[in-house]
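For reference, the structure discussed in these notes is given below.
Chain naming follows the written order as A, B, C and D, and within any one chain the residues start at number 1.
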Amino acid sequence: MGTNGMPHVVHVGLNGGPTYWNVWASKYVPTGHAVSNLADIKLIVFDVDGVLTDGTIIVDDQGTESKRFYVRDGFAIKAAMSMGLKVAVLTGRSTRAVAVRLTELGVEYLIQGSHNKAVGIETICQMAGVGLEETAYLGDDLVDLPAMLICGYPMAVADGVAEVRGEAKYVTAVPGGRGAARDAVEHILKAQGRWDELVERYAI
Amino acid sequence: MGTNGMPHVVHVGLNGGPTYWNVWASKYVPTGHAVSNLADIKLIVFDVDGVLTDGTIIVDDQGTESKRFYVRDGFAIKAAMSMGLKVAVLTGRSTRAVAVRLTELGVEYLIQGSHNKAVGIETICQMAGVGLEETAYLGDDLVDLPAMLICGYPMAVADGVAEVRGEAKYVTAVPGGRGAARDAVEHILKAQGRWDELVERYAI
Amino acid sequence: MGTNGMPHVVHVGLNGGPTYWNVWASKYVPTGHAVSNLADIKLIVFDVDGVLTDGTIIVDDQGTESKRFYVRDGFAIKAAMSMGLKVAVLTGRSTRAVAVRLTELGVEYLIQGSHNKAVGIETICQMAGVGLEETAYLGDDLVDLPAMLICGYPMAVADGVAEVRGEAKYVTAVPGGRGAARDAVEHILKAQGRWDELVERYAI
Amino acid sequence: MGTNGMPHVVHVGLNGGPTYWNVWASKYVPTGHAVSNLADIKLIVFDVDGVLTDGTIIVDDQGTESKRFYVRDGFAIKAAMSMGLKVAVLTGRSTRAVAVRLTELGVEYLIQGSHNKAVGIETICQMAGVGLEETAYLGDDLVDLPAMLICGYPMAVADGVAEVRGEAKYVTAVPGGRGAARDAVEHILKAQGRWDELVERYAI
């Protein structure tokens, strides 16, 4: 968590750094996909629009933008962190609404304005001190592919585009903004044998 | 109703009181589930997010949060109260939008910011002078389980999570925010033989 | 249209007038349902929540309320008026959002805050100079029954409650807020042999 | 792009110009529908309400209007322009929210307040220097028919009204506001053999 209780916020653009950009430009062969055991996953990275939301962007006549998050996704994100998993958010757009909601949830790593998600996920892994092969990513659209192709465990939302679902090791049962993040967290915690531990906190 | 026409608002946190917290920590065996006759239900308690709403939380760039309620749920809540049933609302989050809407409906008992819903529902029962065994609760997610497991008649919304639906004596036919509260009220009033009385107010 | 271009706005409460209220209290036998020919319909009255909207009420932390209307319903309302049908709106709640949207559409007759819709529809018919038997009404919930039972042609939205659908001479194919008003207008204009006239304005 | 980075905004009313209006009034026989090869399409024109949105119009108590756009439609519009296709928007209503969102996407041609879409699409074609026969249009309601009937490639959204779907050469698989614009762009780029080129930008 940042020194002031806000998430680490990094805005990465197309000139996000020569190293990453060069990697991208040279069609770097992904070293991900090496994970055979979900037990190794230490970090889950979520896209925002279409993943933590249903992809709708509400704009009013004053130019104010709103997003619709889902309360059970928020519960799952907090639960995952309370059980030791790290959670990050990586998005190509940039809105204050995202920072507000993620601060409420206590999410520590947030990159907005990322035009190259391969750069973005590598930056997050460095910040979090976690390897790419220990990282899962949940996406919905073409711009998520670069992150999905280099992380350890790529996942897609149920209503993701065909190209993205095709690259995913796991496709959630529900669409973005309607529990996809919850489903992904549940999928990983169950594979790690820890879901029951969460339920038992509430089932007295 | 509070002295100023607003609902009784109580914010209960994890330190909501040693008595309740001890009960919770010692895995108190629920004494609920003893009701065999819905005619004994005197109080209905609703969760907010995912029950009175569809679970979406709208956040704008100014950090203002909005919720979407359903007009027929509001009608049912007012109708239930007009027929002598007590209605309360118990939620883990805390927003002014909830207070605004519930004040409009005339709901008398509201607890926001409840991190332990076993504590919350017991507090509401004390405020309302109703026994836990005379109380129904409508929930959707894991955090609702502690309240559901100690009340007389636990109910779940159609799109509630599996663990919650599994503990419910009644699962509504429609999802949260789309008439689940209306369905629950109708279910109880019909079991009490009083639904026709309500319809006849309008069917001249 | 009112002198300032705004709709005629009348707020009718439970004390809306002794004549109407007495009629209501004495279980006045409806004289409606006498229309055998939709060609006689001169006025269509719409409920708002659940009919012109999907029934959701959006409330923010400042207490500001929003409603979601449907653009094709608006088109149908304007088209109906352009072909000589009168259009009115009758709602039990009262919000400025409704006045704003209906003013944009040019709707001439609007009653908000109506707690007795039998009183409400009779008032509208007097304002519009149209008989109850020449009036159609589109509703969704129990509070609409008093208006439906005394008008010439009661209609219900596809997702209306069972009691309301049961009293309707026509149930729309689509739910409230998703084209139900459009469907009702189309239904009446087709029965009057005038729908093609509308389409031909656009099919050059 | 306009001199200040905003889209070209033209408000065309019923008196949008004698030439166009005369054409319209005289039931001008459309010369469109002549395109046999989607490869000739150089310009895609989108309606707003019901096409770039799901047709809902959100109005609050201050009279502020909001619209809900879909992030994947925005991605497709930007992608189409990055591959050399021209994109325009033509709508009968007029809101600042549309200008805000389209400016963010970099859309160059925007006409709001168009009461005659035959006039509107001809004006856009002149601005863009593209022939009507090289222009595709995506609509949903009767008011879109005049534009659809004179352009080279009329398309309808999945939930468009029957009369509009009947005139379309292509009906999208998904409804307005939920990917219809994305589907239309994908349909055209695939027919032009260029979709894979887009995917390969992201599939390293």
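Convention: a residue touches a chain if its C-beta (ideal position, glycine included) is under 8 Å from a C-beta of that chain, and two chains touch if they have at least 3 such contacts.
Quick caveat, the model's predicted, so the values are computed rather than measured.
A.B. asks: Provide the labels of all chains in contact with chain B and in contact with chain C.
C.D. replies: The shared contacts of chain B and chain C amount to nothing, since no chain touches both.
A.B. asks: How much rotation, in degrees rounded to the nearest 5, is required to superimpose chain A onto chain B on the basis of Cα coordinates?
C.D. replies: 90
A.B. asks: If more than half of the interface residue numbers appear on both sides, call it same; otherwise different. Which is it for chain A and chain D?
C.D. replies: Since fewer than half of the residue numbers are used by both chains, the interface counts as different.
A.B. asks: With chain centres taken as the means of their Cα atoms, state the distance from chain C to chain D in Å.
C.D. replies: Spacing between the chain centres: roughly 33 Å.
A.B. asks: Once you find the CA centre of chain A and the CA centre of chain C, what distance in Å lies between them?
C.D. replies: Measuring from centre to centre gives 46 Å for this pair.
A.B. asks: Hey, what residues on chain D touch two or more of the other chains?
C.D. replies: 58, 66
A.B. asks: Can you work out from the touch definition every pair of chains that touches here?
C.D. replies: Chains touch in the following pairs: A-B, A-D, B-C, C-D.
A.B. asks: Which positions of chain B touch chain A when the two form their complex?
C.D. replies: 24, 27-28, 30, 49-50, 55-63, 66, 93, 118, 140-143, 145-146, 149, 161, 163, 167
A.B. asks: Given the complex with chain D, which residues does chain C contribute to the contact?
C.D. replies: Of all residues in chain C, those touching chain D are 58, 64-72, 74-75, 95-97, 100-101, 177, 198-199, 201-204.
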